[in-house]
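Take a look at the structure set out below.
We call the chains A, B, C and D, going by the order they appear; numbering starts again at 1 in every chain.
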Amino acid sequence: MTTTVQSNPPAIEVRDLVVRYGGGRRAMKTPPAVDGVCFDIAPGETLGLVGESGSGKSTIGKALLGLQPPTEGTIWLHGKDVTTASLKERRTLASELRVVFQDPYSSLNPARRIGQTLAESLRLIGIKGDAARARAITTLESVGLPSDSIDRFPSQFSGGQRQRIAIARALVRDPNVLVLDEPVSALDLSTQAQVLNLLADLRDEHKLAYLFIAHDLGVVRFLAHRVVVLYRGQVMESGPVEDVTSRPRHPYSVALTAAAPVPRPAEQIDRRAHREALSVGSASTAPPDPKGCPFASRCPLADGQCHAERPMLRLIGGQRVACHHAEQVGVTWPPPPN
Amino acid sequence: MSSIRQAKQQRIPAFLRSWGGVFGAGWLIFMFLASITARWWRPYDVAEQDLIARLQGPSSEYWLGTDAVGRDLFSRVFTAGALPLQASAVMVLVAFGIGLPLILIAAERGGRVEEAIGRFAETIMSLPSTVILLAAIGAIGNRIYPVMMIFGLLVSAALYRILIGVAKSSRQHLYIDAARVDGMGSIRVNLAHVLPSMARPIAVQAAIVYAIGLLIINGLAFLGFGPGEPQPSWGFMIKDASDNIFNSPWMMVPSRRRPLAHGHGGECAGRCAGRTPRHPGVHPP
Amino acid sequence: MKQSSRLLRLLAVLLALVLVTAACGDNDDDASPGAGDSVADSGDAAPSGDDSGDSGDAAPSSGGLTLTVALESDYSPATYNPQAYALQQFPFHSLLYDSLFVTTSDGEIVPNIVTEFATNEEATQLTFSLREDLVFDDGSPLDAELVKANLDRRLEEDLRSYSLFGEGQEGEIADVVVSGPYEVTIHWAFEQGIANGHEFLADNVGAIVGPNGAADSTTLETAPEGSGPYRLDLDASTRGATYVLRKWADHWNADAYAYDTIIFNIITDAQARANAVLSGEADLAIKIEPNQINQLESEGALAKIGGTVAAVNVLDKTGERVPAFGFVETRHALSLAIDRQTIVDALRPGARPTVQYFPEQAVGFDPTLNERYAYDPDRARELLASVGLEDGFEVDKVVLGEPTDVELAIQRMWQEELGVTLNFPAVTNTGELFASVNTTAIIINEWGLGLRPAGFVAGPVTSGFMNTQGAESEAISSVLGPALGGNPEALVALNNALVDEGWWIGLYETFTYAGYNPDSIQGVPFGGISGIVVMADVEPVG
Amino acid sequence: MPLYIAKRLAIGVGTIWAAFTLTFLLVHSTDNSPGAVRLGMGATPEEVEVENERLGWNRPLLTQYADDLGKMVRLDFGQSLINRGDVRDQLSDRLPVTASISVLATLLAGIVGTALGVVAAVRGRGTAKAVNAFSGFSLSIPSFWLGVVLVYFFAIRLDLLPATGYSRFSEGVGSWLQSLALPVITLAIGGAAVVARMAASGMREALAREYITTLRAIGTPEWRIRYIHALRAASLPVVGALGVQFIVLFGGSVIIENLFALPGIGQAALFGATGNDFPILIGVVVMSTAVVVITNLVLDLLTAVLDPKLRTR
């Protein structure tokens, strides 16, 4: 992984990232939201970050964006340490690293015209007036919106259009890395496909690196090159997207794969039955044993070792897996769907 | 089509979209302007008396009648407004001037900062304000502006308690995060995004607090801490009217009209500005 | 709004009903309207002392009668020492302290704890004897030594009632001599002597505080020490708000007092005070303000007593401060231009217009004066023109804060009828106000002349602060001596002289008002025309 | 739970300390001095200086603060400058009056307000509008105006209730209630309006909840649904609002006491303010704050009992 060439550093490099919410003694008692996560993203590459809600995937995004200060660990952007960048540094950084949020209704200020929102972003790098307006129009057109959108309010757009605006807002500063925090999960299926296609086109056109955060593997499979599966702030499995989705090595990945929605109702029913057969429990609120595997309390394969010893990431096949029983998965378990 | 209308409405503050709100806000503005300009158009001087026409009911000569020494109530009622209307405005400014920064800081920082400010606000809120105001008058004298500033300080705590939730939920908006990712500074984020999104509840609370300020000033005047005679004050006019309630009971009506209408104006504008606030928090005494 | 106010009214009625029914639950006649309540109830308020010492013939008090009095201010705010207060506060202190002499409701000053008194031939000494059965709670006697100890504190500044005994004052005392265990002789400082010196030792001035208080006034700050007919129930009282006085059955004159308990409620709000009488919570309300007079009068619950005279007092009789005042015609013109009837009708309902010095009930009153100086603006203008002042002039009247309604009315009348401009320069403290008598031409005031109007002329009017110029008037000084001696003709002449010289421009004679509940007490016994209620003579109905 | 109580107590103590400090600063920020107040108008500057020295007014501010704070902890507020009496004794005489008024007014406001709110929520739109109009009206009228009008009608015209004065509880509950009826009603109407609004919205919210639908489905009588289940859910914010109401009504009693000549804390505050009686002012503020704090503590505990979620804390 760390065989990067000096002249070509990864777009994003994250090492041993730990994020705790709150401060003081009480925060130390609760488990961290992100616990020792490492990954990197090459320029032009898309990394999928998958996990159910509360797994810490959005927190990683926030840490990257400077919205949530990391407790420990380091974040590099193009080889530059940005872990504790000041506001001033962030401002220049913000041109390279942009974000598209999940909720297109909340991510645009309803009281401001689209043009104002885009111009606000541009003003921070010194582009004002007509120049800003022209650039805003170009960007809006590049995401497939008419140029007169610039004088409208967000309430006049549909969810998919708003998400395009959000993408335009990210692109207007001409970045090379985008954090996509569940960009399509609030949209209906047909719009999802359009937006995903747009994102793919833009990536190819602008050579963008994506950190693509999602809660199911389905959409990740479409866009990502590699994928990281997160559970309770820890990496369960990572590797090329094909390997992880078609041959998951971690029981949790298996459950996630089964949970990914499919457009055909019949298959959905099959999947659900299959998922139930997995007998993977739902997330419990009880904190996991700090010494053991975080997934142990829900895992059908868990044994004494799992509760006592935290599994380390191991390279199995094409992917890295943190499970004592990874060899078993896909061989004797789970039972095949009927 | 409908989206265009929607867009136009966007620019009209919510509380002006109902008749009650228009009336309330209009009334407040009218009274404010009428009161501070009263000295130029009032039909009689506030001290001018007509002993023969004392304690009269409304007539074409004296539109609201006369008081116990035959002074024109119409002129006095409007002139009396200037001081409370201004002093209460100062109070509102102080209250928001102290309260809003604390609210914004607490909402932004969260955690221990929020807890500390919250504790402080809770402490201030539990103080019996009328008693404190009387103590302030006893200590620094009957000076309405400083006294109302102290009241503003007390009110700021109540504002904090009411608006902190609004501010926090307003910060939940992703466009705040987006602005921060843009590299916007904390102050700019607050001014450009957080505050405007809180405009409606702030307007509601400002109207309510303003009305309460008027009631407090009039209450103090009723207790004898108004401007000295012959300067008119609403509270003292009520007192005067209550002293003459047997001789001319109707005097209660014009003297009450102002504080009432004001309380009502503020209340109405406030209520119509949004739905009835879930936790009104600050109330008139 | 109309609808909601009706709803409000309905709601208020409902709420009131709920509370009244709740109140009726345990006491059936509590809610019955009328005045009987305050007199009839509180059977548990029996006097705390046992009445074995004094006989059982205190017939009227056996029912446990309570009298409730509403006062306009705290009559004992700083200390319970009666000597620190004025006559006005004496209704309260008269119940706690015995006084050497007292004013009766006939207006006479009579011995109280003095058994007999005598003045020597030259009137330079007053000798009086005390009752020998007077004791305080701790058993110490009220004897001649104690009276001397009391009077010997006369130079203390805090003891305001003693001010007339001070140096150069009309009642200056040279010495107090104990001439027997229960006999005291007072030596006046005035060489001419003082004929009715005992009148100086009446009411608040003659009140005797106990030995501890006489030795150290500060002991009276927390509790009274008197030998009077009542004791203050400190537990039941709230300072500044409510004072509960219980009858002390062992008092030598206990039978004269009809009530077992007297409650003083301090009600500073004038309307609330009137309300208290009207709704029966108070049997007697001392001091009723002009605004409430109509209301109480229409309910038959108003008592009044005259003797207060309002006037424009001319300080500048020589014209050295305002040249116009050098002419007597100017002063008469100012008087003739005042429409007293209008002022009285509009601002002082119940008062009586008058131009003269003496109150109507006093010897020396002359009805013809009021006719001679009746309102006549034309004549006033003529008079001014006759001294070349047809264009008017300006004169100042210093006020503390704001001018009164009457002053504002006079200002308007002088301006409109005579072109005379009356200005009201304001001062902020009484010191400045008092100092202004040396520089201004007029003052306007209400004077409670009380029992000795002639003495006031001899004092302030001719030789005191109203005549700092030392102006002389043959007409006044020639009759002042006989008038002080009580000669009726001289009194009338003095009255005429004051008005004719234009020293005194009377405005109206007003009243002291008290409200009372005619269903519970027989009336309000004022002490003469002093306007002070004689608490000993307040009697229950029936 | 004990932790919760301890926390509330700590805040209460902090509140009293803040009240004391604020008043202390106010009193010491003026040109006026206790010596001048105590000696009155006639005193010379020298005499005033001597008196101030005697009262310890000329000591360093911090020394006085520490000293006064220590005394306050022992509930010693010194002597009144005007009537020289012990401030604590005088105020504790008056405290029951103010406490009676504000507690009764809060209760009345709570009961009437809840009733109105429930009626508004349960009955048709007309009733809701009427209740809303009433509460809007009562919120905007000054209590002192209302008081004057009530006295005029109920005490003077109808002669139903006393207009002035206070009858102690020990002299009979009937006359006690009677003497407090008008002031309590005057004060409570504004509070009832606020409570009515909260109760109405709470009730509407409660009635819209799923478990109410469930209760209806299983055939629970409508009155039980409304007055047992929904009301209990709605009562929680109402009790919370009563705490705020109590503070407001306690302050409002200052004006009311003077209107009805009731010997309470508010009257003392007014006298203290007009007479610049510093010890009384500090005593009034501290003791009023203490009452408010204690009442709120009680209400907090009551809320905790009503709300099982809080009980576990």
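The working rule: a residue touches a chain if its C-beta (ideal position, glycine included) is under 8 Å from a C-beta of that chain, and two chains touch if they have at least 3 such contacts.
From a predicted model like this one, the values you see are computed outputs, not experimental measurements.
Asks: What is the identifier of the chain with the smallest separation between its Cα mean and the overall Cα mean?
Replies: Of the chains present, the most centrally placed is D.
Asks: Please identify which chain has its centre, taken as the mean of its CA atoms, farthest from the centre of chain D.
Replies: With centres defined by C-alpha atoms, farthest from chain D sits A.
Asks: In angstrom, rounded to a whole number, how far apart do the mean CA points of chain B and chain C lie?
Replies: 46
Asks: Between chain A and chain D, what's the gap in Å when you average each chain's C-alpha atoms?
Replies: For chain A versus chain D, the centre distance works out to 54 Å.
Asks: Could you grab the centroid distance between chain B and chain D? Build each centroid from C-alpha atoms only and quote it in angstrom.
Replies: From the centre of chain B to the centre of chain D is 22 Å.
Asks: Measuring centre to centre with CA averages, how many angstrom lie between chain A and chain C?
Replies: The separation of the two C-alpha centroids amounts to 91 Å.
Asks: On chain D, where are the residues touching two or more other chains?
Replies: Chain D, residues with two or more chain partners: 136-137, 148, 156, 258.
Asks: Got the chain B residues that touch at least 2 other chains?
Replies: Chain B, residues with two or more chain partners: 242, 245-246.
Asks: Where does chain C touch two or more other chains at once, residue-wise?
Replies: Expected reply: 271.
Asks: Give the list of chain A residues in touch with chain B in this complex.
Replies: 22-24, 62, 65-67, 87, 90-94, 97-99, 101-103, 106-111, 117, 120-121, 124, 152-153, 155-156, 166, 169, 173
Asks: Give every residue of chain D touching chain B within the complex, in rising order.
Replies: Going through chain D, the ones touching chain B are 11-12, 14-15, 18-19, 22-23, 26-27, 29-30, 32, 136-137, 139-145, 148-149, 152, 156, 190-191, 194, 197-198, 201, 237, 241, 244-245, 247-252, 254-255, 258, 265-266, 269-270, 272-278, 281-282, 284-285, 288-289, 292-293, 296.
Asks: Any idea which chain C residues touch chain D in the complex?
Replies: 1, 3-5, 7-8, 11-12, 15-16, 19-20, 22-27, 30-31, 33-34, 41-42, 44, 68, 70, 74, 77-79, 157, 218, 221-222, 237-242, 265-269, 271-273, 275-276, 278-282, 429-431
Asks: So in the complex, which bits of chain B are touching chain A?
Replies: 3-4, 6-7, 10, 111-112, 172-175, 177-186, 192-193, 196-197
Asks: Enumerate the contact residues on chain D facing chain C in the complex.
Replies: Answer in residue numbers: 41-42, 82-86, 90, 93-94, 108, 112, 130, 133-134, 136-138, 148, 150-151, 154-156, 159-166, 171-175, 177-178, 181-182, 184-185, 188-189, 258-261, 263, 267-268, 271.
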